[in-house]
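Presented sequentially are two complexes of subunit A, the first with subunit B as partner and the second with subunit C.
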Partner chain A sequence: MAKVTVDGRVVEVPNDANALEACRAAGVDVPHFCYHPRLSIVGQCRMCMVEVEGVPKIQASCTVPVRDGMVIKASTEKALAARNATMEFLLINHPLDCPICDQAGECKLQDNAFAAGLPVSRTSEPRRQFPGYDRTPIGPHVIADMTRCIQCTRCIRFCEEITETGELTFIERGGHTIVWTHEGKALDNDLSACAADVCPVGALTTRDFRFRKRVWWLDKTRSVCDGCEIGCNISIEHRDRIVYRFLPRVAPAVNDFWMCDYGRFRSEELNRQDFLKPEIRVAGGDAERRQTNWGEALDAVKAAIEKDPSKVRVIGSAFLTTEEAWLLAALCKDSLKVGSPEFTVDIGPKRRIRNKVDGWIYGSEAAPNSRGCEAAGLTRTSSLSSSSPAVLYISDASFSEKCKDPAFVAGLRQASVLIVHARTRNALTDAADIVLPVAPLSGKEGTFVNAKGLVQRIDTAIVSPPVVRTDLEVLLNLGARWNAFDTQWTARDVFEKMQASVAGYAGLAWDSDALVGNPPSISPAAAYDVLGLERDPGVEVFSRPSVTAPDRLP
Partner chain B sequence: MSGGQNLPVAEQAGNPRVGEHGALSCGRTLSFSRETRADFDRLLGRYPTKQAALLPTLWLAQREWGWISREAVDYVATLLELAPAFVWGVVTFYTMYNRAPVGKHLIQVCTSISCHLNGAEEVFHECKKRLGGLKTGEVSSDGKFTVVEVECLAQCDKAPAVMVNDDDYFVITKDKLDAFLGGLK
Partner chain C sequence: MSGLSPAPPVLLARIGKPNSVSLDSYVADGGYASWKKVLEGVKGGEWTPAKVTDMVKASGLRGRGGAGFPCGMKWTFVPTKEKRGDKPVYLLCNADESEPGTFKDRLLIEKDPHQILEGMMLASFALDVKHAYIYIRGEMVHGAEILDKAVAEAHEKGFLGTDVLGSGVDLTITVHRGAGAYICGEETALIESLEGKRGHPRIKPPFPAVSGAWGCPTVVNNVETLSCVKHIVDRGAEWFKGVGRNEKNTGPKLYCVSGHVEKPGVYEAPTGIPWEELLALAGGVRGGRKLKAVIPGGSSAPMLTAAEIAGVPMDFDGLVAAKSMFGSAGIIVMDETTDIPKAVTNIAKFYAHESCGQCTPCREGTPWLLKMLRRIVNGEGKKSDLDLLLQISNQMGNGMTICVFSDAAIAPVISGITKFRGEFEAYIEKSTKPEFEQKAPTDLTNEIADRKAAGIHS
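Right after this comes the complex of A and B.
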């Protein structure tokens, strides 16, 4: 560790830290564009200027390794003037299109101009333009607008160092420089939208989110991607009960700063809710299902089960939270006496993500919580047995891709009563006798256990429309009919009740950092988590330096 | 708004035209001749990494095919185990790699300060005129000539200087132009 003094404050930082990281550790915010904790240091943007005692010239702090006893002056007039000049230089050719730019609100150029720039522009010349290289798709998920680019090279380094695909490069030089791909190639890799995340300005933006919502209207809720078993930490960004996008949340041991395109663009799917009320088909078989209320639906479920409990079979799902799986297992064991529920997981396609601890990690199961379900008492099977019970209770009608396959569903339909929890319509729900409408990931609360065995919490982003319930509420209400559960239990209550009996959960606290993970940052481009040195990263602080910036350059 | 006209950069003099940021295709797959391949292998031995040999390898490619096409970029990238985009970035950074076909004689007229004072601008325009009204960078119909304007050739004491392919020609004034052009076969 090295002892470094920043503006009179002494901090200890690791020997391989740089001056910028030391400043941040000391709580001094040094504005920057090109520095990113997971990308190589290039000193490209010249924004993070500080004075270092004993060094005559002003330094780009990200390029200065710390040494013991170093004295950094980050807020001197000289440093501020230099940043001012850099900011003014960058703005000479930046279009003033913030009102129509998607990055506005999470743009480092805006932020730094506000914190470190001049209040007025001294140039009146027309801005540089790149006809043919503005508002142009550069890959399947990313739109490029080179008029906004500030040449920080974050996206180029991301493609070289993180995905190792090297699609992007600088073309031309000087004032004509643009970031583009080689002729005929697309920015197309499994993490490509992260290139838009690292872009500090609006030069790269994601196609799916483009023009859909101003970012400052978005509420951010911590969650975990349910696309595969890796369990990338995400922020569900939503407003007025609509999910607009997923962004990765920093999780050094899982997805680090990244998430894959497949997971990211599952967000739109969460807005689909095909079932808004319980539906029930009266005994007899061929009649149409009709909508009903929860009381009648759950009574019907109970009646069907109690007819002959020995002929009831229950199928769980690896999309259930561990709490829900535990309730399901407890209900089967203690009340229905039907033995443990089975579940099966789709395998593949293989997903991957990269973090600094493990390098690439891979996920082949297409569901987030098979480990949690097993720990909670569900039995994993590779193929569901073909016995035809009298009653089949399936706690997730989309537990597998096979649920869309009529032949597979016909096998399950052998049961005389078929009960499903469902959100979206598929072949299985079409065949079901009782459909219980449940909420998507964004409505749930609970924990998932990922491929590395980490227990991670998801929070409720959107409270579902009135009649739709979460799986947890459905199971609690059903269990209450056998006096097994209290309907007022929350996910946290269930978590605490099951801790003793579920492997890996003992000793965990619902509110602990380990479970909750990092909060959604204002933007992933502004997310730091540098070497564990971060102050509470809940809110990005613009510490206005105590020295006022000069109105005019000296 | 004061200052210059609001011309898009790509239409201002001296900047690449629209579409020229992208590599042109030569329409066939390329690979080095045996002789160039031998040169390339010799070259690799002189550098610590393959990436370090990029600039001279591009020179070899330009010697072989006259200009750097999209296929040449891909080929060089494969040879040196680099991303094609990286190679293309390097090609576009340097001005002496030709990104379009050029004539047999690439006439590079210096118009920097000393040459300019000795009438290089006139030589440049006259040169294009006498070759049948060529535009800058255009290949003449017989495939023999391309005229471009370049920065200082470091021959200020013998201005105006002209470079044809790799050879320097000195004191090419307007009067000497016919003899100079006639001498190029």
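Right after this comes the complex of A and C.
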């Protein structure tokens, strides 16, 4: 550790920290653009200028490695004048289009202009234009507008150093520098939208979110992506019951600052308004299904099960929270006496995410919580047995993609009574006798266990319409019919009841940081603000990565 | 013996001879004798790398590329074998010569390539280099062809390759063509470019001598610097030291004189030749006109008025004392007919075009300066422009950027406006811009203090 004095305050920082990080650790916020804790140091934006005692010239603090005993003066007249200067240079060509720019409100240029800029403009020259490089998609998810770019190269470094796909580059030179894809390439990799996250300004924005909502109206709820078992921490960003976007929430041991495009753009799924309603088919298989109320629906479930509990089969789903899975298992074991429920999970396309602890981590299951389900007492099967029980209870009907396949559904339909929890309509819900509509991710509360065995909490972003219940509520109400559960239990109550018996949950506190993770950041480009001082010690301080010398002879 | 007395040319000795580029003619003139001498002395321990380095140190040779850094000292910054381990050391010959007003390296390349190669060989020996590169400016197609041929010939004749002349020394030289960017002359940008990346200067430290090409210790030297090394080994450090004005400004030096002189060209003279003598070598000011100003070290050097340059020794320290710099010894002479605002605008155009675009102040500042200067010479200047130009310039230099390109870009603007303000004002007086736009620029110093007092700045 090195002892460093910043504006009279003494802080201890790791030996490999730089002066900018020392300032941040001392609570002196030095504005910056190109610095990012997970990207290499390039010292290009020249915003983080400070004075260092004993060094005559002003220094870009991110490029100055700390030394024990170093004295940094971050707020001298000279330092402030230097930052004013850089702000002025950045703004002379920046379009004043904040009113129509999606980044407004979470823009580092705006923030730093307020913090370090001057309220006057001294230029009267025409502003730079980039015809042909404005408002143009550069990949499936990202739209680029070079008039707003401040050439910080964060996006270029992201593609070189994090995804290692290298789609982006500088084109041209000097004041004409354009950040674009290499000729004939698209910004198309599995994490491509993160390039828009790291962009401090509105030069890169995502197609899906563009022009949809001013960011300051968005409510942010902590959640976990349910796209695969990696369990990237996310912020569900919503307003008036509409989900506008997912953003990654900083989780150094999981998704770090990133999330994959597949997971990110699942957000739109949460806006489906085709909610199901509780429905039952009373007589035999041929009668029409009719809408009903929850009381009647659950009574019907109980009646069907009680006819012959020995012939009941229950299938869970890795989309259940651990709390829900535990309720399902407890109900089966203690009340229905049908043995433990099974579940299966689709093996989907491989997903991956990178953090500095593990490097790349991979996910291959198409649901978030198979580990939690197992811990809660569900039995994992690779294929569902084809025995046809009298009653088949499935929670929920989206447990597998196969539930859209009529042939597969026909197999399940062999049961005399088919009961399903369902988030959305599919072939299986069409075939069911009793449909119990349940909330999607944004309406749920509980915990998932990810691929690394970490227990992570999700919060309710949007309370679903009254006709839709969470799986937790449904199971509690059903269990209450056998006097097994209390309908007033919350997810937290269930969490605390099951803790002792569920592997990996003992000793965890519902409200602990370990469970809830970091708060959503105000600006995705400065998401590391929530971490304070933290930089990857493996990131080289200088220049771009080097290759070995080519073996060339004349 | 005065170090400044005229002597037969050394660096330019072979220029103008028939077929001076061929190896045979070079050898016939005594070329490669030093290289042979050193190699033959390796086994007996008569010649060691340290001996060559010590000679260069003792000679007082300063870099001819622009910064004037003592060459021998730079070489000693390369970590010793124990410290660098398996890492090879690279020597890069900087042949990117693109500083406006500079054309000495090109002459050496096109007329006497083997002189450079021999200098590189000796430097490589001193630095334990196995692979040296010549990074040549993209536009110098002819020069690249000549160097390619010279290197091939040297390989063929056994002056390069493995176990050169049975000495156990290995050395390869590769000619690498740039793509014509001025910034690639900056040594770290040159290294990036050589590695196949964009020519972006690197953050220093680490300096190339510690971590340069492919992360290995690397010495970058100018064409002329390396050519001098050959002559130092030929004739000894004492001889080199004996030429030139004083201990710190030694050796024969190439001066590129251009502009309003009777005989523009490259002149060899002892380092520190007085301005008047140099001007006389170039035939004096064109047409007997009066001298107005001189840019003494390539476009990056602040210009000096006729009065300021009078009697100045044309060397590293002499020009620093005159508040300019020796740079690449590109001396641009401007007579009384020169329109300084237009000249400054022309130079500003060069820098706006050549900024690599990494650093905000340089990327944004150089075109801003150009736009304003253009406006002034196009008759749309405002009264406030000149102060603003100076203020912008002061925001661009002195550590505000990664490399000193930005400092170079502002030198002609600042010196031009401060020394010839009247000429700029004359343009502005004839301006067609309405009066109300001609307000004074905001005084930012007070602004900052006010905001600080108001607690707006942390």
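Assume the second predicted complex is superposed on the first by the 526 of 554 C-alpha atoms of A that agree within 3 Å, B and C clash if a C-alpha of one lies under 4 Å from a C-alpha of the other, contacts with A are read in each partner's own complex, and residues count from 1 in each chain.
To be clear about the criterion, contacts are C-beta pairs under 8 Å (C-beta built on N, C-alpha and C of every residue); 3 or more make two chains touch, one makes a residue touch a chain.
This structure is a prediction, so every number in the text was calculated from the model and none was measured.
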Contacts of A:Q44 with subunit B and subunit C, given as first, second, both or neither: second
Contacts of A:A85 with subunit B and subunit C, given as first, second, both or neither: second
First (subunit B), second (subunit C), both or neither touched by A:N271: neither
Subunit A residues touched by each partner, larger count belonging to subunit B or subunit C: C
Touching partner for A:T181 - first (subunit B), second (subunit C), both, neither: first
Touched partner set for A:L168, first subunit B, second subunit C, both or neither: first
Which superposed partner A:E125 touches (first subunit B, second subunit C, both, neither): both
First (subunit B), second (subunit C), both or neither touched by A:E160: first
Partner chain(s) touched by A:S364 [first = subunit B, second = subunit C, both, neither]: neither
Common interface residues of subunit A - those touching subunit B in one complex and subunit C in the other: 124-126, 128, 169-170, 172-173, 175-176
Subunit A residues touching subunit B - in the complex, by the definition given at the top: 124-126, 128-133, 160, 165-173, 175-176, 178, 180-185
Of all residues in subunit A, those that touch subunit C in their complex: 28-29, 41-47, 49, 56-59, 63, 74-75, 77, 80-82, 84-86, 88-90, 92-93, 115-116, 118, 120, 122-126, 128, 150-151, 169-170, 172-177, 541-544, 546-549, 552-554
Residue ranges of subunit B touching subunit A (in the complex, touch as defined): 1-10, 15-16, 18-19, 21-23, 25, 70, 73, 82-89, 92-93
Subunit A-touching residues of subunit C, taken from the complex the two chains share: 88, 90, 131, 148, 151-152, 155, 172-175, 181, 192, 195-198, 202-203, 206, 211, 213-216, 352-368, 371-372, 375, 382, 388, 395-396, 398-402, 437, 441-442, 444-445, 447-449, 451-452, 457-458
